[in-house]
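All chains are identified by letter, namely A, B, C, D and E, in their written order; residue positions are counted from 1 within each chain.
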Amino acid sequence: MSDQKPVVTNPVPFRGGGFSPKPMKIVAPILFVIVIAIWESGSRLGWISPIVLPAPSEALTAFLDLVNSGQLTLHLKASLQRLVIGWTAGTLLGVTFGVAAGLFTMARGGIVPFVAAIFPIPKIALLPLFIIWFGIGEESKVATILFGTFFPTVITVYGGIDNVDRGLIRMGQSFNLNWWSIVWKIILPGALPAILSGFRISASIAIILLVAAEMIGAEYGIGAYVLLAGNLMAMDQLVAGVAMLSVLGLTVSWIIGRAEKYFLRWRV
Amino acid sequence: MPPFFYLVAVFMDLHLNNISHAYDNIEVLSEIYFRIEAGQIVCIIGPSGCGKSTLLRFIGGLERPNSGEVLLIGEPPKESLNPLTYIFQDFALLPWRTVRGNISLVLEDHGIRGKGANAIIDDVLARTKLSDFGDALPRQLSGGMKQRVAIARALSVRPACLLMDEPLSALDSQTRELLMDDLIELWIREKYTACYVTHNLNEAVRLGHKVVVLSRRPGKIREIVEIDIPLEERQEHSGLLQEKQNYLWDLMREEAMAADQELNQ
Amino acid sequence: AADKITVGALRFTSHSPTFIAFEKGYFKDEGLEVELKFFQAAQPIAVAIASGDIDFGVTALSGAFYSLADKGALKVIGGLMAEKKGAPGNMILASNKAYEAGLKTPADLKGKSWAMTQQGSSFHYMAGIIAKSNGFAVTDMKLKPLQKVGSMIGALKSGQVDAMAIVPHIASALARGGAAKIIGKIQDLSDYQVTTIFTSTENTTDNRDVVARFMKAYAKGIADYDAVMQNQAKNPAATDAMVNLIHKYVYASKPIAKAAPSIKAGAVYLNSGAALNVGDVANQLAWFQEHKLAPATLTIEKMVDASFVKTIK
Amino acid sequence: MSDQKPVVTNPVPFRGGGFSPKPMKIVAPILFVIVIAIWESGSRLGWISPIVLPAPSEALTAFLDLVNSGQLTLHLKASLQRLVIGWTAGTLLGVTFGVAAGLFTMARGGIVPFVAAIFPIPKIALLPLFIIWFGIGEESKVATILFGTFFPTVITVYGGIDNVDRGLIRMGQSFNLNWWSIVWKIILPGALPAILSGFRISASIAIILLVAAEMIGAEYGIGAYVLLAGNLMAMDQLVAGVAMLSVLGLTVSWIIGRAEKYFLRWRV
Amino acid sequence: MPPFFYLVAVFMDLHLNNISHAYDNIEVLSEIYFRIEAGQIVCIIGPSGCGKSTLLRFIGGLERPNSGEVLLIGEPPKESLNPLTYIFQDFALLPWRTVRGNISLVLEDHGIRGKGANAIIDDVLARTKLSDFGDALPRQLSGGMKQRVAIARALSVRPACLLMDEPLSALDSQTRELLMDDLIELWIREKYTACYVTHNLNEAVRLGHKVVVLSRRPGKIREIVEIDIPLEERQEHSGLLQEKQNYLWDLMREEAMAADQELNQ
């Protein structure tokens, strides 16, 4: 050791940690409150024209009117039912086709270009076709949501499967696990992070498509409510309806967040 | 401590018939020809990257060589759940299953669940000194503990032939000793078949009936050293074993020197 | 037993006769068991009739309608909303900016931008009416398709388009709020048959009896509506009763106090007896065909079955 | 060895392989040809009602009319420009926010709920607002596509980052790599498979949104062409327009496929 | 063959001050207290799972112990690009970079690119006998080759103190010998500092100035064995070394037996 200069003693610099964001419950509420406060005061001070964007308080009044009219539950029930059925069916089909595309050369050759070709077709352009194929009852509405969910699910599932460590699959084969076991116990859990992330997308798309779905002969539903508000230029109702869609999205996101926490607890 | 009782004695030879292989123009193995007789432990040693893991994958049917074949002579016993069982060099544990889950994974397919599975799992965990860690996830384990889980998993399926790729490399000398002793004791009782890749020459001479020495890449058979002393008597012949070990050492040294010269040309 | 029919409807005040005839049992009186199906846009109603999912609908004549009619799928059987001098009707609005810059009459619209929902919509046709009666081509106006009435209003208020036409209660609300200026009325330029009642071609041949009974009941609904809503000041009690009835279907999610003014202001003129202005329909068809917005093969005979109602020449 | 019974000699059963689908170029064309053939003959034989679905040959005629009228390039140019600008901007923003949400606790707390709340809002419901904010020129069209691209990108990017091996990040830290290097050389390449898979989704959504974007005062553009065809119920033109969107989707998918092949060649 | 010239002699001690740590209630390390003096090689041995890798992470500042601290006494030399450099037990190679890319990764941040980087990379690859595999991806490498890449990468940044976690465990005995000789030769010339976790007692006595023996989990210091023979003279004292090795062996055996008794209670 040098004795010319004084010996410096420091703790070893800490270089680790970080890169693992924790969910922080408090930020979002604060943010929402701030946005709403700015918006409300903007409206009151006249910066925001009331014709296109009513104050949040007006939207709240519209919402309370809806609650008092007793129609909220009808709208919610109708939309939730379509969402749940359409999303579930689309997801099941999507996972099935995604797994097929992730595992079989033939299936991939067919499914990937097919998805690439059909996914970009706007559902709205096809409404007339949907009416002819599925009628104007619940079927066409569910089908709209189903299609919207199906395609992104296929893409995330086969993308996730591509990313599963092949070494683990070889291990499964070496223990003579049957094909189903390998898919169910190795490939799907390995692809689960990607699949759950895909669910966030497909659920949001399903909610967006409520509006398109309920264009066709829907009496009740949040989408129908939003559409009608738009048609009648009732901007307060429009904002109230859009806010309901947002809350729906938040709820779904929260559920998926819980699912991630539970199913992916094996990750660091 | 009860001895291992899962391994199954067999009458099943493995015959490696002139195996050669190349990955994208890199020749890895060349004309490998030897036989793993039923009830024999064959050790494979050779320089890093000479193709030992590759060879093991061929033997277990996980990959196919470009030319040559591995023949199974005789039939695997019925009692064995998975006749040819690997212990992988990189452990290959499922990160989303606990230690117990990783073992039950390979039992479930044979309809072994619940109590039956628990009994087997408890036993193999005890053997590998992991009883406290049954519910830990792989990310919570040290390197050596992961390797022991891989060993426990392999033992749980009553293999007829164990294909082991440096199964003790991450373990401390004592744990290693204990597991070596277990393997020897077990062989004495059960006469299982095994193909054992190792870098530890001492392990090779203590465990192997045959030691296959591979040359540097492309791996050719440099020599097959037979060790005639019965496993049960080896402790008494430590001098002889040391001689064999020195002999292997010299063989390997020559290989290394040849490689060095090639490099420096 | 009653004949079952399905009627497509939008939740607009202009569909009020449907609700009145339904609520007051006029359909039942004719032996019709009616099911209402609500839509969010007019076009799916036409498609749903073509596909046989519903039987009757009301909509403005637009490109989609002509196209389906040309395929022989549906037929106009009556008229509903129309432009009539003195009655409430579509107004022409100029943005404040354009007004300042000298857009004071419909004749000044040449070269100006015009908001409409879509090409081939009634808003497009109204631009055509203005152009024709002022002696310029509709292509002399800069047509801006914006899909939604809401978007049109937004664009007009922010001065991004110069003018548009819109139903009276919205137009007067905008003018009152100082958001735009009224510079004319469509009724001064044309006897425009805005909306029509239609059904599938099959119904006009195979179920003539049902169609006739439907029109009879519908005409009663129109009569009730016109009688009360065109004379709101005279009979406030009847007006309130009718507003209450309509409120079940229109602005239903708002309390009646908030909904009533809009419903009252939205009272447009409806042809009594569902009479059809066949001459104007022919004019419209010709205009759409001229601008390649309707199939050239379509004829007025193929499109209209005027045998169920009186016609206006 | 037992000498009672004859000795069986078999090659060791092969248990490896599989689970690695290769792209198979031939399947998709065959599939497309079959679908089109069935459709054409269905139309000709009258199984498919001409009211809603014209024969492919009619759509082809409509397409050729478009080509001959010289408007195809105008439509294509307008749409492609919007697509490229909107998608690129949306992706850049999405990756930035996704990385932030993937790395910082604060950012995640704000961004994740925000995305969950805003993503499900149907763009079509907000068209009037878009007009006020962005006018009826190119801005509002590009903004529509931008928003549609932004949200799914954020979700896939932070999902992908969550899945990067933390051991590799610790390695980077142990070599004192600076923060940017770790993000750029370890985290982004590790998340790349998920990001590219997300690009497939966001590109498809961008194409879908062409129609919504070109709802607002668009003279040219494939979306505007489709919309007009829909308004006029000109089903042959509608199908021709939709087919163009499909081909666009196929092209993008092909490009992403090439990118995957190149950037992910390190995977097995 | 040219000797390593990247390691940098330093005047920098590391002082472990009463370190204890627990992961979710599992006590892993308890009251660890020792000093790594500048220019010393300290070997750490101990049963699998006793906390060696964890301790090494604390020393390099990658994790923080629940209590206690690691002090750096003196300053790291300027010539060193990365004073405290790891060789990880699981290699930690970026799968998307080639062997060369994995090494240049740690040079780029110091502005070493192009020719300068190539010279360094060529050199460390030659030392680890990987010259032929510069452009191979990690998935194309054998276990031992991956380990050598990790070693090459660590050497490329001229560490002042090497933190090595079983750096030779996946290597065959000859390659191991060669790299051991290199490490010794290098130390003789450069007198670098190192903390060397190993399961191989022979390596420990050949390389260590101090051997820290940890007990089974929770890892406590069982004993610190000093080996006074200068590294350059150890070959001549093989008898003494063997004695030390036997002594370590016995220490470890006692640990293992104690653990066994605990288990069987």
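The working rule: a contact is a pair of C-beta atoms (placed from the backbone, for glycine too) under 8 Å apart; a residue touches a chain by one contact, two chains touch by 3 or more.
Since this is a predicted model, take the numbers as computed values, not measurements.
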Mutual neighbours - chains that touch subunit A and subunit E alike: B, D
Dominant chain pairing [most C-beta pairs in contact]: A-D
Euclidean distance of C-alpha centroids - subunit A vs subunit D, Å: 16
Gap in Å, rounded to a whole number, between the CA centres of subunit C and subunit A: 39
Rounded Å distance, subunit A centre to subunit B centre (Cα mean): 48
Junction residues of subunit C, two or more chains touched: 43, 47, 51, 148, 150, 153-154
Interface hub residues of subunit E, defined as touching at least two other chains: 60, 62, 84, 90
Interface hub residues of subunit D, defined as touching at least two other chains: 15-16, 51-52, 128-129, 132, 170, 173-174, 176, 227, 230, 233, 235, 267-268
Topology of the chain contact graph, where touching chains are joined (line, ring, star, complete, other): other
Contacting chain pairs - touch in the sense defined above: A-B, A-C, A-D, A-E, B-D, B-E, C-D, D-E
For the subunit D and subunit E complex, residues of the former touching the latter: 167-168, 170-178, 181, 185-186, 189-190, 192, 264, 266-268
Partner subunit D, residues of subunit C touching it in the complex: 43, 46-47, 50-51, 62-68, 71, 73, 118-121, 144-148, 150-151, 153-155, 158, 160-161, 293-294
Complex contact set, residues of subunit A against subunit E: 1-2, 7-17
Subunit E - residues contacting subunit B, complex: 1, 23, 45-49, 51-53, 89-90, 126, 129, 131, 140-145, 147-148, 165-166, 169-178, 199-201, 249, 252-253, 255-256, 259, 263-264
Complex contacts: residues of subunit B adjacent to subunit D: 11, 13-14, 38, 57, 59-64, 69-75, 84
